[in-house]
Amino acid sequence: MRTAEVIGTVTATAKDEQLVGLKLLLTNIIDGDGGVLEHAIVAADTCGAGVGDRVLITYGSAARLPAKITGAPVDASIVAIIDRVSLG
Amino acid sequence: MRTAEVIGTVTATAKDEQLVGLKLLLTNIIDGDGGVLEHAIVAADTCGAGVGDRVLITYGSAARLPAKITGAPVDASIVAIIDRVSLG
Amino acid sequence: MRTAEVIGTVTATAKDEQLVGLKLLLTNIIDGDGGVLEHAIVAADTCGAGVGDRVLITYGSAARLPAKITGAPVDASIVAIIDRVSLG
Amino acid sequence: MRTAEVIGTVTATAKDEQLVGLKLLLTNIIDGDGGVLEHAIVAADTCGAGVGDRVLITYGSAARLPAKITGAPVDASIVAIIDRVSLG
Amino acid sequence: MRTAEVIGTVTATAKDEQLVGLKLLLTNIIDGDGGVLEHAIVAADTCGAGVGDRVLITYGSAARLPAKITGAPVDASIVAIIDRVSLG
């Protein structure tokens, strides 16, 4: 999994029907200090996350395990809103 | 998932029979401002996308969930045409 | 798999219910000499690992094979605590 | 999927028995203009491709969908020989 | 798949029980000329490979197809010892 910061939202009218009702958030992958490691990963939200939240993203078939996502063509999901990263 | 811009089309005569009838588009992965992050990802279209469209691409086994793709040896699909990316 | 060093812990209250009870560790991917190759990979612990340990991380659906992880939306797990890397 | 150019062949005697009879080709991932993006991806051929051909490579579990590949420990396959990449 | 050179071994006492008895080798991903492309990939051996051998590595669920690996939390396996890479 990766830690990420939510930076925006993605809106689409023409889309796979299994994506209807899913909130798609634009995120940057960050390190433990908030430094950006990778830009512009779109993840389906399963936790009520919003812009500015630090979140945990899971990739691949794991992203479709949360109940809200089952059956949707999603390869990345937000599975937690991070309270704290403790280093050392 | 990643946001991408469609930049071209890929044509092939000799191909896996499960690819027959699929539209294969060449795309660049972009960030929220349209900056190119990665070049030359080929994705199967499921949304009627065309050159110049900003699209949402999903990878891996998720790419084979849309009905048009089932059974095809595809690892990336266009699952939405993006209307708007809202930052901040 | 990758060799990694555990550098911290990730805490989250709002999370997928299948993540409850899992220890999520922040790691850096390292080479055989301990040099950092990639930052900030979060992995679920299955071995009792702690900060400072050198561990073996497995990705993807393999990460959900350990008994403790089954059903959780996890794409990276610590599956061993490394005693020794012998080079050459 | 990625566009690639076939640059060589890989020969092995000691190998998984499911690889026997498969042609393993060395390729470079290229962009729409033929520029090299990534070196030395080995893919199983399913299309009769040869050195110098521009091909379409699919990764992951998708690589095992072509009939010739079923059951082999393969994570990349050539699923088309590209006739033309049309840009713009 | 990738071509790699075996550079060492990884030893672990505390590990997933399904890893017991598997030989874990440290490798560098190389190109057709032996140049290093990526460092420190750990792969389970299925071919009797040793340090200095040039091998073929497969990733993902494909890595668990060889009989020796079934059920182990492994995302990379050595599936061939390479005799020869022929370029051009």
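Just so it is clear, A, B, C, D and E label the chains in written order, and each chain counts residues from 1 on its own.
Keep in mind that, in the parts below, a contact is a pair of C-beta atoms (placed from the backbone, for glycine too) under 8 Å apart; a residue touches a chain by one contact, two chains touch by 3 or more.
Everything quoted here is computed from the prediction, not taken from an experiment.
A.B. asks: Just to be sure I understand the contacts, which chains border both chain D and chain C?
C.D. replies: E
A.B. asks: Indicate the whole-number Å distance between the mean C-alpha point of chain A and the mean C-alpha point of chain E.
C.D. replies: Each chain reduced to its C-alpha mean, chain A and chain E end up 32 Å apart.
A.B. asks: Taking each chain's centre as the mean position of its Cα atoms, how many Å separate chain B from chain D?
C.D. replies: From the centre of chain B to the centre of chain D is 20 Å.
A.B. asks: Quick check: what residues of chain E touch more than one other chain, meaning two or more?
C.D. replies: As it turns out, chain E has residues touching two or more other chains at 60-61, 63.
A.B. asks: Touch as defined at the top gives a ring of chains. Read it off for me starting with chain A, then chain B, then onward.
C.D. replies: If we begin at chain A and move next to chain B, the sequence is A, B, D, E, C.
A.B. asks: Touching chain E in the complex: which residues of chain C?
C.D. replies: So the residues of chain C in touch with chain E come to 1-3, 29-32, 37, 46-48, 56, 58-63, 65-66, 77, 79-88.
A.B. asks: For chain C, which residues count as touching chain A in their complex?
C.D. replies: Of all residues in chain C, those touching chain A are 7-16, 18-19, 24, 26, 39-44, 51, 60-61, 63-64, 71-76.
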